[in-house]
Amino acid sequence: MSAGVHIIAAPGDIPAPHIEYGQLAPMLIVFGVAVLGVLVEALAGRPWRYRIQVPLAFAGLLAAFVWTIVLAWRHEPFHVAAMGALGVDGPTLFLQGTILVLALVSLLLIAERSAAHFTAQASALPGSEAEQQSMSAGITQTEIFPLMMFAVGGMLMFPASNDLLTMFVALEVLSLPLYLLCGLARRRRLLSQEAAVKYFLLGAFSSAFFLYGAALLYGYAGSVRLSDISAQAGQGAGGETLLLAGIALLSVGLLFKLGAVPFHMWKPDVYQGAPTPITALMASCTLVSAFGALLRVYYVGFETLRWDWRPAMWGVAIITMVVGAVVAITQTDIKRMLAYSSIAHAGFLLTGVVATSRQGLSGTLFYLAAYGFTTIGAFAVVTMVRDAGGEAAHLSRWAGLGRRSPVIAGVFAFFLLAMAGIPLTSGFTGKFAVFSAAVDGGATPLVVVGVLASAIAAFFYVRVIVVMFFSDPEADGPSVVVSPATATAVALGLTVTVVLGVLPQPVLDLAGTAASQMFVR
Amino acid sequence: MKAEGIQAVAWLLIALPLAGAAILLLGGRRTDKWGHLLGTGMSLGAFVVGLAMFVQMLGYDPEERRRTIHLYEWFTVGHFKLDMGLLVDPLSISFVLLITGVGSLIHIYSIGYMAEDDDRRRFFAYLNLFVAAMLLLVLADNYVGLFIGWEGVGLASYLLIGFWQHKPSAATAAKKAFVVNRVGDLGMVIAISLMFATFGTVSFTQILGEGAHHLGMVEQVGQGTATAIGLLLLLGACGKSAQLPLQSWLLDAMEGPTPVSALIHAATMVTAGVYLIVRSGPIFELAPDAQLAVTIVGAATLLAGAIIGCGKDDIKKALAGSTMSQIGYMVLAAGLGPAGYVFAIAHLIAHGFFKAGLFLGAGSVMHGMKNDVNMRHYGGLRTMMVITWATFGLGYLAIIGFPGLSGFFTKEGIIAAAFDKGGTSGMILGGCALLGAAITAYYMSRVMFMTFYGERRWEEDVHPHESPKVMTVPLMLLALGSLFAGGFLVLGSFGHFLEPVVGGGEAHGFHLITAPGIAAFVLMVIGVAIAWRQYGARKVPREAPAGSFLTVAARKDLYGDAINESLIMRPGQWLTRLAVYFDNKGVDGLVNGLAAGVGGTSGRVRRLQTGFVRSYALSMFLGAAVVVAALLVVNV
Amino acid sequence: MSPGHYLVLSALLFTIGGVGVLVRRNAIVVFMCVELMLNATNLAFVSFARMHGNLDGQLIAFFVMVVAAAEVVVGLAIIMTIFRTRRSSSVDDANLLKY
Amino acid sequence: MDLYVPIVVLGALAFAFAAGSVLMAAFTGPKRWNRAKLEAYECGIEPTPQPVGGGRFPIKYYLTAMLFIVFDIEIIFLYPWAVAFESMGIFALVEMALFIVTVLVAYAYIWRRGGLEWD
């Protein structure tokens, strides 16, 4: 221990930290509601739990969202909060608002009761008598709500983290509940548990990389504050190897979370195995959050090192787009196909990150919001198409859906077209925004690859549409179960996808304003 | 210039039928009772608006007839800006009148034709949707708007071809139309992207300039870019307008209800390609190679369509072949530059009237013949359905170019313009057009004679009868159009009307007696005479005879599908097998070679996803190593 | 001993943990290897703290330990559930989701 | 360094004594084997027969282990706080109270949902 540290000091020697509770309120509300949710689980009787948990979670998310709006409305100059641990600034508020709305929509799916998605009792063995009993007793595992709230809290914190320790804690707070939630599917429990194990082991593996990267950066700069690292790197003071290796390992952890190739392999397996509402939550909120963190790290921490990390990022973006689009073509499971599509979209989004400009930032923000709603809507439709064994996820079971229920098939087709980036959908506007930013940022080859990958991707989206509308329906095909909550989620996704395609300017302006001052340091 | 008066609400044109479609689709069964009336009303409403706009336009000076309606700013990203707006000028108003006019007549006709169908409401909803999309296509003031309408009409067309889904042939035909059209759309998408990348905008005004004076940004780009854009646009036009080599879907599309064939697959949608080429005139004028390609496609299709028309016994398919051929004429004319534009559009409008009349007449015949489409089962229907015979006959005379009727003026104009192009290419193109005229006379006479003349060949239990008034009145109105439209357009001042848009006003004079005109007339008479010898004077067998090589080829659509298969599909599959030496059964939905190649790669790459956590971890570990190495190497 | 040696040790431990994840089949052991990686990181943090003469690294080590503990709990729960279903804790047996 | 010498010496003596006594007993004591002596020693009660393969721990052991880890690890934050309590003042006290309340919420959950019951 160095000599300057006094173990025993006089009272008041260590000043109380200054915490901006107002700026942190959205996160605090969500975490508070999560803790309350645990208390409800502890104290409320079984019949009451669901009835208390759902309104509680809704109220919490809504309150946090309203607070976020208020924060954005005040137009106060942003500065770092909580002694520099968190930065609540324009981009962060945009991302947090997006995450909260997307979480609200996901909550509609998670709270769906008419076609329950979650196991009655996670501890009961699949196929055992205990499981039968708990199912017939109509029990539901209501712990999913506090778990989800913890995850959402972590997601809010992740892009706001201004130092690597906070970021690591946020990463774990968002990941740990998700690992558990993945294993709670009501049907096909074996797949669900396998998804949880895989996600957990690989997630833990990746966070070890993240952490080691953070350690190396700490070794380089003597601090884990992003701004300190940036300042130290700006001086170019020795220890370059530490710095660059640290950046690389840190990136591995972040790229894992957003599913960039070659760190993507968990994504198809987990998306397929997890309960579909959780998949929707991961595909929308987690992606937004992970990109937020990535943007902050690269725009604040490593901005001065742009020329060092950009080539590697180029490579990752290119193979992510290509692998995602190409492998999706031969998928036969809808959820798996959407997972690969999500990988491809992560690649498109990375082109916006590579741009490293204000325009790239605002384009990425817009794309995240647009894609989040589209993908949530698509997964919501997946939950509606059911047969005796639960969701009919195999593509062949969707044959002729267009004739059996044209509206649902039409809506799904629309979501797919939006993901393919057809004009008049949000996907087009989003792709346009990030690609034009990348062109301006001198990444034209990347955009060429992106456009080619979109063309390949369009092929498999159209393939699903062809199956739905042109194949003959099976005799015992799945039926479409429409319930108010899920239908609301689909309608919300559809509305946003249309509005952001037809009248995107207000949201583009919003993203532009949010990005105008970039991140605080 | 900004639009005023009724033109300022041009969006009503699109909104009315769109609202109709929305009400009918969302209203469901509740609207069954009055759905068809609402649909027809919306279409008529759009026609009235269109007419008012036309009258208002006539009041302006020719130079001031180009009016824009700015709807809203779609979005701005960086220095790219996309505005949504409409463009009302003589070219678009001509289309508006054709679409809403003929469209309304067909709506009325459908009330009778679809009376027995349980899903009549849905049918009208789709028709309204089509009208709205088609109007957007011709009214949009930029390529993206045009493309949205383009996709919209494709969607409506697909829905209507497959309207009777219970028929497997209808479902297959819809699928085929869908797939083939995607090839064309790909061309459009790339063309639009290219324009966006080159000009930073997709607005007609900015790219093409204001009407005939041009002065758009396109004049500043090199010939290479213009040629590339032109060829890609041509690919798009080929898909939508059933031109070689993307013609194969149109014949199958006849599986749809007959009013659909009349409206979409004869009068309006399939002419969108011609509109696209004429609208993009300034691009093509800068790219002679692309222009030449347009004329070649047109000439080849006009012959191929005509030959196919000769071999078909199905009355609708014979007419479909004829549609291909007639659009070939228009495309040919559109490829001739300003000299041909006016004739292309005039022929398009005249064709809209007489071909719609012919199709509706065919529908009327089918209505009386228990939906039998085989002309060998008809014969001598002249006395049974007099009105149908008379109106069909007028349409027939118009299409073969009988002097004085619509087709005569417009087609002669195209033939003359082709010869006027001069040089060897002019002679060849003119020759093709002349030959096409002769074949047209032959196969249309064949249809006429087999259907309405000769002895009766129908079964005992068929009782041919005239159709109800609601069907015959539109027939008569369209027959009037067949009589006069062409002459009115060509002899009238249509050329001057369009001149502010397409230019070249002085070239449009029409001379009654020219050498090509006389040749065309003689060839037409010969064609009719041969048909009379074969089908009018002789007995027509109920079963089709074996026929010569050419007949067999024509019956099989000139082996279009076989050629597609052996040229595109087979080598593609072969390549795939080479590239992917294991059997990839998973790749079943892939239709062409490129896709199969990508699919093969995909099938291979997905095997890397072994399902073992440890191999995933390995990939992450190696990935991390590569990323670290990449960063360090870059720094060295 | 200079702090450099601790860093080398930490890198070695991290690598051993990483390789362990790749080669071991038992889910619990795989997970223990991940924990080893985290602890190697802790060692690095503490050594760097020593080198820089500030306390941040030690503080971070505390947080990492807590987070690692939480991870253990979640991980054990998940691994136990799948073990009870499958009667096997080999990660290679969880192989239904692939391609 | 001199300060530590007595400790080292003491340690060495202790080790020598322990090792010496055990070795002494092994060499000098009488060796009379019987069956009972060869069995596993379980505090005087009859040894429970073990299933083949060494047997498995009941799931309860894992549960307890998990709970132990969670609560045990919280001490990590309490200890530095306790050491620096004087200098950190009221703010830290409130923070720590909140922290303990949060842990108590988890405790309440486990307790109410039967996590602490052995059967």
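Order of writing sets the labels: A, B, C and D. Residues in every chain begin at 1.
To be clear about the criterion, a residue touches a chain if its C-beta (ideal position, glycine included) is under 8 Å from a C-beta of that chain, and two chains touch if they have at least 3 such contacts.
Quantities reported herein were computed from a predicted structural model and do not represent experimental measurements.
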| item | value |
| --- | --- |
| Pair sharing more residue contacts (C-beta pairs) when C-D is set against A-C | A-C |
| Closest chain to global C-alpha mean, per-chain Cα centroids | A |
| Inter-chain centre distance, chain A versus chain C - centres from mean C-alpha coordinates, in Å | 25 |
| Interchain centroid distance [CA atoms averaged], chain B/chain D, Å | 84 |
| Length of the line joining the C-alpha centres of chain A and chain D, rounded to whole Å | 41 |
| Residues of chain D touching at least two other chains | none |
| Residue numbers of chain B (touch at least two other chains) | 606, 609, 611, 613, 617 |
| Residue list for chain A, restricted to those that touch at least two other chains | 197-198, 201, 205, 268-269 |
| Contact pairs between chains, per stated definition | A-B, A-C, A-D, B-C, C-D |
| Partner chain B, residues of chain C touching it in the complex | 18, 21-23, 25, 30, 91-92, 94-99 |
| Residue numbers on chain D that touch chain C, as the complex places them | 59, 62, 65-66, 69-70, 72-74, 76-77, 80 |
| Complex contacts: residues of chain C adjacent to chain A | 7, 10, 14, 17-18, 21, 27, 30-31, 34, 37-38, 40-41, 44-45, 47-48, 51-57, 59-60, 63-64, 67, 70-71, 74-75, 77-79, 81-82, 84-86, 91, 94-98 |
| List of chain A residues in touch with chain D within their complex | 7-14, 16-17, 35, 38-39, 41-43 |
| Of all residues in chain A, those that touch chain B in their complex | 197-198, 201-202, 205-206, 209, 240-241, 244-245, 247-249, 251-252, 256, 261-263, 265-266, 268-269, 307-309, 311-312, 315-316, 323, 326-332, 359, 363, 403, 422-424, 429, 432-433, 436-437, 440, 451, 455-456, 459, 462-463, 466-467, 470, 472, 502-505, 508 |
